[in-house]
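Below you'll find the structure, written out as structure tokens, and then a few comments.
Chain lettering (A, B, C and D) follows the sequence in which the chains are written, and residue indices restart at 1 in each chain.
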Amino acid sequence: MMRVGVLTGGGDCPGLNAVIRAVVRKGVQEHGYEFTGFRDGWRGPLEADTVTLDIPAVRGILPRGGTILGSSRTNPLKIDGGIKRIKESMGKLEVDSLIAIGGEDTLGVAQRLSDEYGIKVVGVPKTIDNDLSATDYTFGFDTAVNIATEAIDRLHTTAESHMRVLVVEVMGRHAGWIALHSGLAGGANVILIPEQRFDVEKVCGWVTSRFKASYAPIVCVAEGAMPRDGDMVLKDESLDAFGHVRLSGVGEWLAKEIEKRTGKEARTTVLGHVQRGGTPSAFDRWLASRFGLHAIQAVHEEDWGKMVALQGTDVVRVPLAEATARIKTVDPKLYEEVGVFFG
Amino acid sequence: MMRVGVLTGGGDCPGLNAVIRAVVRKGVQEHGYEFTGFRDGWRGPLEADTVTLDIPAVRGILPRGGTILGSSRTNPLKIDGGIKRIKESMGKLEVDSLIAIGGEDTLGVAQRLSDEYGIKVVGVPKTIDNDLSATDYTFGFDTAVNIATEAIDRLHTTAESHMRVLVVEVMGRHAGWIALHSGLAGGANVILIPEQRFDVEKVCGWVTSRFKASYAPIVCVAEGAMPRDGDMVLKDESLDAFGHVRLSGVGEWLAKEIEKRTGKEARTTVLGHVQRGGTPSAFDRWLASRFGLHAIQAVHEEDWGKMVALQGTDVVRVPLAEATARIKTVDPKLYEEVGVFFG
Amino acid sequence: MMRVGVLTGGGDCPGLNAVIRAVVRKGVQEHGYEFTGFRDGWRGPLEADTVTLDIPAVRGILPRGGTILGSSRTNPLKIDGGIKRIKESMGKLEVDSLIAIGGEDTLGVAQRLSDEYGIKVVGVPKTIDNDLSATDYTFGFDTAVNIATEAIDRLHTTAESHMRVLVVEVMGRHAGWIALHSGLAGGANVILIPEQRFDVEKVCGWVTSRFKASYAPIVCVAEGAMPRDGDMVLKDESLDAFGHVRLSGVGEWLAKEIEKRTGKEARTTVLGHVQRGGTPSAFDRWLASRFGLHAIQAVHEEDWGKMVALQGTDVVRVPLAEATARIKTVDPKLYEEVGVFFG
Amino acid sequence: MMRVGVLTGGGDCPGLNAVIRAVVRKGVQEHGYEFTGFRDGWRGPLEADTVTLDIPAVRGILPRGGTILGSSRTNPLKIDGGIKRIKESMGKLEVDSLIAIGGEDTLGVAQRLSDEYGIKVVGVPKTIDNDLSATDYTFGFDTAVNIATEAIDRLHTTAESHMRVLVVEVMGRHAGWIALHSGLAGGANVILIPEQRFDVEKVCGWVTSRFKASYAPIVCVAEGAMPRDGDMVLKDESLDAFGHVRLSGVGEWLAKEIEKRTGKEARTTVLGHVQRGGTPSAFDRWLASRFGLHAIQAVHEEDWGKMVALQGTDVVRVPLAEATARIKTVDPKLYEEVGVFFG
């Protein structure tokens, strides 16, 4: 009998529970596997902290955001003897193999465990930012885009009523996918992404031209977008109590610059964690469920060191190494294509 | 033939267009009135800035947020010769009477125009904050509460997954109705309102006890809530480029205090203008439509100086003076009733 | 120590779980009560079929539709020795008093148990149709209206694109509240309610006049609405396998009549059970929670034979007998008020 | 100067307006084109019935369902002299080329106009059912799936509360994509599609096994799904007043069979036109906008007889002939993959 461990690492993302449910349903029903849930990402196997994971445990979790396994950013490679402790836990708990669901960091660990330490791992990609290069889409992204789009829809009417600029800051530190998709879908008049430093004067030009056409502009800015001239100073408060950088700030900064330079009132909305919580969209439930089904199939076929990925409408497998090789950023040509809607 | 002017003043609010549509539909179809739309609140009659307002103009606007008339905070009482210019505009445009849709400020002006200057005015109350004392509810409030509740629903799953505190700052400068309703409906573990200064230590106690029960807390705080000990210093940035106070700040401040005092990670989401934009809820469309129907009926009955109001399920009329006499704040007994859900 | 039984009877309704949660939270935390959940309405105490009901059992149920206690239409008054069996169960289980959450039937039983048999009962009113006379609103109604309104919003664009009539049939057998509120909020061009037999020719007149204005009509009809001339024949299939009448049918019938008489294509959408399932609106969570808090307070004050009710913004108590005395139907004056939007 | 005609044919679909807007924005701003909107599909060019189509005409239409151009099923190939009249209209109106947005029928006409009659046409694929073979997805599909999924989410709680079977009938006459995606995403326990005749006994087996696990089943059935044994008789009413077959019926039929064979209560919800109306999802707005941008680019490059299509994340062009060659049905392997969730 096979016993499979499952863990979720990194920031939470709508669809994690759908993956877990699919893995367990198919694993139990078709292959007769048993499962061990590890708590809080890599902390689970490090500390042998587990949770029951069977059919009753996954009932009703499909539409629920978050992860029933909990999550953390614990990195066993940075902990003395981390690998050894994971191996010992797995041995003691009679866990034969692992399904690791996570982003760049989590999968990076998974790859090294597989390639360097011979642990049997299959990966499932997860990033709200959609910036993993080996897959067309990651689950959670569509949900985030829908939430941001709905917010932009709402901001239009308030902007028009007061002839104000509304700046909406969305997630995306290194890649502008959420800003690009929600900005386009929401009919934003300016979209700013981390991949391309922006020119505040040009933004103000778009803002002004929009007002001339008697409409009020919406500026959709990714949290990681930066002005071209480098004159943006991060606020002191941008470090939280744990010393983590809080990248919120560009939205407020930009609203002030726009007010100063155009003389128009500007307001900022920072959507924040609302984008990553709550029930997944239908697409994300579909994608996450299929990822789960294919991940357990990979376990069944003992195809270790691989990650499931979406290519077109097919779920395929790619080496874990590929997944973490480089970040998938917005192609300048795509950004230019969408630029027709600016102003 | 009667010609009625219509204006919307103050912050925008979902349901304004539903009022306008109801006024025009009934006015034209049942009484044969004509209408003049005034642009941007009191600026419209001040500057004789008008917009066509007939049946075609109000088609399809029921589900749309904002106001097709535009809005502003212009106060003719603070402008030299303001009243005279309004009277002149009305005379020139042959506008016999006015329907003024707005909050405390707009209705305060309406009341003085009616009582002191003999202008024929009927008022329709509007405040997203639900803090007008003469009516059980104002339209826009239910929409804001639904949006905030949905955001809190989403934040739960992300809080649980990371065992973090999520602070959500909602609207409400002087009254805590949005915080109270959405906090209760969203299952927040702490609700803080402007009516009662809060004790940060007590908040931290609730936060800690929630974690002890293995759940992550959501703190719902009105933008106008203040700590008991008065040690909250407003950020410098709390003044915008126009010198208006931006009351955002308590949410971020509180998250930092919680982190410092409890050692738990805390994150803040400031919902901002998303709460006041976009399509109105069914209740707000119902209430706004009925307010519109009753306002034009008051015009028809020449019942000047009155405001429509909701009492139970009835729409009644009250003197404009009553509407602006005092703000409707959260009753301490109601706040205590809800306190059973804290912690 | 007090032990309180809780049951939910009749059709399910969004907000039932919010009531249960509030009852238990306040009962345990403030009064130190214990609770027994009875399964499936009156079947529970009849058969002593119970479920654990404590703080952990009510965690996370606030946003969930349905009822964790299950429901049924079992009527102990129609069962030989029913009352005796309920008393015996309560004795055996040491349940001192009952909170009965339900509609006309459930509360009718509760009233007789209280008045005739001396069982200590407090009632909480529940009806998706909003047709209980002793309370301004019942929870579940606002959710149903929001769902129906959103559906009507969607139907507009498809009606316009094809210049078709769209008939939407909503719930409401004896009272037209859902049709009235969602029809108004959704901008339907005709609203038909059970309280007033409709004239098909008049409906066709409104439909035709709408097309003349180059717009496509939406007809919102309550399932219990009937044509004036009585020529509607219920379909054979209107009895289900259990012999219950299925009142669906008027929507399809009306669409065919409209096609025949106006020569315009007409389509029907029957919203059905979608209206009563799923997460409650913010208002319904608020109302249901407050009903729960006040119901347990009534238990605490030993105020038996009463039902909690909403009057304006206050939750009050009324005799159970009042609640079931007569159905609350749509006032003809209100229906006429809204008639300005027809055509 | 180039003048481009635009028309939308067949059933409406969320995203049509987004295509039109993108075509016009890019055509005017980047290429200086002018546009002629044709009303109601092929009826427009047949009867030279046009509507102004410029930048102001497309403002604000991105989030709106339906089509500002109207639609119809008029087929000029079936009308005597139809082609000649289209050519004459285009000549008279100085329309150089056409962008035809539609499904199999509309694009079939477009292809013959291009291949056989030398009219300059570019196609944009549109089908709510997602059954065009040349493209990974069509816009409108994601919106329909989200609406159906939300309905299924709501039905779960009402099914559980009463331990009933809920049958939900979704769109899909020839292909089961909506049923498959929404059934999976909604956690349905049985999914029935037109591609594979179903065995009623097997369905009843899944229903019964679900009840044995103490849960209530949801059956998601495409309108075109048929029982294996062929014993389903379409109701007489399945022809509408225009002689069109109404394929609604399988849902109600199935509920009755389930009641008869399992002794469990079953209810049916037919979602109908709600699935195709209203605001598009973010994905559909994104896809439709990109389709529009690429269609006008094809016009610019004079790449006639082509259709834009999605392949992975790229928008490409394929011959119109390919698009209409064969319907894209659900792969039996995919249906089997998802079957793990049945029962």
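The rule is short, and it goes like this: a residue touches a chain if its C-beta (ideal position, glycine included) is under 8 Å from a C-beta of that chain, and two chains touch if they have at least 3 such contacts.
Just so it is clear, the model here is predicted, and its values are computed rather than measured.
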Intersection of contact partners for chain A and chain D: none
Minimal step count in the chain contact network, chain A to chain C: 2
Where chain B and chain D are represented by their mean Cα positions, the distance between them in whole Å: 40
Separation of mean Cα positions, chain B and chain A [Å, integer]: 34
Distance from chain C to chain B - Cα centre to Cα centre, in angstrom: 30
Residues of chain C touching at least two other chains: 153, 279
Graph class of chain-chain contacts, one of line, ring, star, complete, other: ring
Residues of chain D that touch chain A when the two form their complex: 22, 25-26, 29-30, 59-60, 62-63, 136-137, 142, 145-146, 148-149, 153, 181-182, 184-187, 215, 279, 281-283, 285-286, 289-290, 293, 311-313, 337, 340-341
List of chain D residues in touch with chain C within their complex: 8, 11-12, 14, 16, 64-67, 70-72, 147, 150-151, 153-163, 166, 237, 240-242, 252, 256, 259-260, 265-274, 276-279
